[in-house]
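Multiple structures are listed underneath, in structure tokens.
In what follows, chain A forms one complex with chain B and a second complex with chain C.
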Partner chain A sequence: MDQENQPLFGLSIDGQAASTISSSVQWARILAICGIVFGGVFVLLGIFFKTFMSKTMSMGGGLESDTVDKNAALGAGIGMVIYILMGALAILGNTFLLNYANKTSRALKTNDSAMLNSGFAGLRNYCAFWAVIMILCLLLFLLSIVTMGLM
Partner chain B sequence: MDTENKDDLFSIRLNNEGAAHLLRFAKQVKVFMIAGIALTVIILVRDLIALLRDRPAYSDSFFRIFFSIYPYLSLATAIAFILQLIYYQRLGKAVKYAIEYSDEAGFNKAFESLVKGIWFAFLVTGFSFLFVIGDLVVIIKLWNK
Partner chain C sequence: MDQNQQSIFGLSVDDSNRAHLSEAAKWGRFLAIVGFVVCGLIVLGGIIMVLSANRLQNEMSDYPGYRRSAFSVFGAGLAFVYIVVAVVYFFPCLFLLRFSNAMKIALAGNDQDQLTESFKNLKVMFRYVGIILIILLSIYAFIFLIAILSAAT
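Moving on to the complex of A and B:
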């Protein structure tokens, strides 16, 4: 870290800001826990989705030919992968937010600047994670548009 | 918060490492915002085209209700998500300014935007959950037909 950054030591967190950060920590923790539960539900839905589809297919499910059966199996497989992937991403992304909440909360309680840094690192990771996911989604959309245009 | 606690909090200071994390956050939040808004607009346009193109009359009451509220839910999610990104970006901007100009008051005020951003993130999570459940019911109903 260069010397230019030294004046940063002058930035302290006052009582009002600590209370605001504390409030953000509480909300962030609830959001992260909801997000992780949400991610877990997604993963379960993915598993349920695959099981449900497999059962329906094994019972016949009104499907008439092997081709339809194969396509359905492929669709169920893709559905399962999408749900599980979305769940895993939600869990991972919200873990960063939970990190921010836990570390910042501890830092405020113990006046630990190092812990506060770790908390801010968690917030940065959360933001970076979702930025990357957004970019990947955009690329996938563009890819699907290009593919549809070529077909 | 009690007075004793309040006094203790004054001793927390942002050091170089913390400032570096926040400055990187400010940079990344810009990318998050641009990509997020672009993605939201694309999804909204896609949904709108799909809605205008095919408007089947559903016999199933769940389908009727779900597809009639779908555009409003989609729009509400998009608005909440964009507001979430705006507040995160405000936090990034305020923190960057405060660090560059050693503006302690601005630094302390910046975190209000984070709280608001998180509130909107809650809305987005709630709406997304409704979408997923609705989609799942639609898939199951279609499969059983």
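Moving on to the complex of A and C:
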């Protein structure tokens, strides 16, 4: 490795790195806010999903049998849980990103090392959170393939 | 703000920062690699869809009134959508992998240039995803507007 690239006192956030991080933080903030808003919308959709489904079923006016009603209610319940879970996960994941954006931005403005540390912790949490979600999704995917294979 | 938290030469990457960035790079690398696999699976899904559409086309060709072009367009359209989704998803994974690799090199060898390169890739990833989000929101807004206008007329 080129010796010129090595600073005397280890790595530092120099002007170029600071400007790059500052730019990344702006985009990260936009993404985080959009993600939190979408998460909120999903939670609301989940809450209204069951109400909407029960109203739709009641419009049918006794045409359906009890079994159909129960199955539809179960489906609406599962739909509600999935929507709320997805919304909650989106809100939680993007809160980490917002933490990274806000704290890093403040750290760069005030040269606060502790704040920069919290900001990078936010980035780590964001990556770790989505990686764990990804692992869970892959496990569910594998489980569904195995279940389909057994059926 | 506490004065002892400020470095004389500006912000420096201390041990705690190193630990956070190293872990972020590890998870980022994992996410990127899984993302590439998912991209491959999406392309594979597209190919399977096209093959299924073609098989259905061959099976349906005996029926009277069957239009061959409809299935061809459907299959091609489906394959196009799958490939576009895979290509769009490929780039943020690439930038994330570059961020992770450069960060790993920077932390291992105290390489300032690699650290800057790493943050540059993180910025590009966030910018890319942000632009895609803006495009998607614009498309949704456009569809919503058209739906309102068509409902009003």
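In this section, the second predicted complex is superposed on the first by the 139 of 151 C-alpha atoms of A that agree within 3 Å, B and C clash if a C-alpha of one lies under 4 Å from a C-alpha of the other, contacts with A are read in each partner's own complex, and residues count from 1 in each chain.
By definition in this document, a contact is a pair of C-beta atoms (placed from the backbone, for glycine too) under 8 Å apart; a residue touches a chain by one contact, two chains touch by 3 or more.
Bear in mind the structure is a predicted one, so any value in this text is a computation, not a measurement.
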Fit-or-clash call for chain B and chain C when the two complexes are aligned on chain A: clash
Partner chain in contact with A:49 - chain B first, chain C second, else both or neither: first
First (chain B), second (chain C), both or neither touched by A:150: neither
Partner chain(s) touched by A:124 [first = chain B, second = chain C, both, neither]: both
Which of chain B and chain C A:79 touches, first, second, both or neither: first
Contacts of A:138 with chain B and chain C, given as first, second, both or neither: both
Which partner, chain B or chain C, touches more chain A residues: B
Partner chain(s) touched by A:13 [first = chain B, second = chain C, both, neither]: both
Residues of chain A contacting chain B in one complex and chain C in the other: 1, 5-7, 9-14, 16-18, 20-21, 23-24, 27-28, 30-31, 34, 107-108, 111-114, 116-117, 120-121, 123-124, 127-128, 130-131, 134, 138
Sites on chain B touched by chain A in the complex: 1, 6-22, 24-25, 28-29, 31-32, 35-36, 38-39, 42, 88, 98-99, 102, 104, 107-109, 111-112, 114-115, 118-119, 121-122, 125, 128-129, 132, 136, 139-140, 143-145
Chain A - residues contacting chain C, complex: 1-2, 5-7, 9-14, 16-18, 20-21, 23-24, 27-28, 30-31, 34, 107-108, 110-117, 120-121, 123-124, 126-128, 130-131, 134, 138
Interface residues, chain A side, partner chain B - complex: 1, 5-24, 27-28, 30-31, 34-35, 38, 41-42, 45, 49, 52-53, 56, 61-62, 79, 107-108, 111-114, 116-117, 120-121, 123-124, 127-128, 130-131, 134-135, 137-138, 141
Residues on chain C engaged by chain A in the complex (per definition of touch): 1-2, 5-7, 9-14, 16-18, 20-21, 23-24, 27-28, 30-31, 34, 106-107, 109-116, 119-120, 122-123, 126-127, 129-130, 133, 137
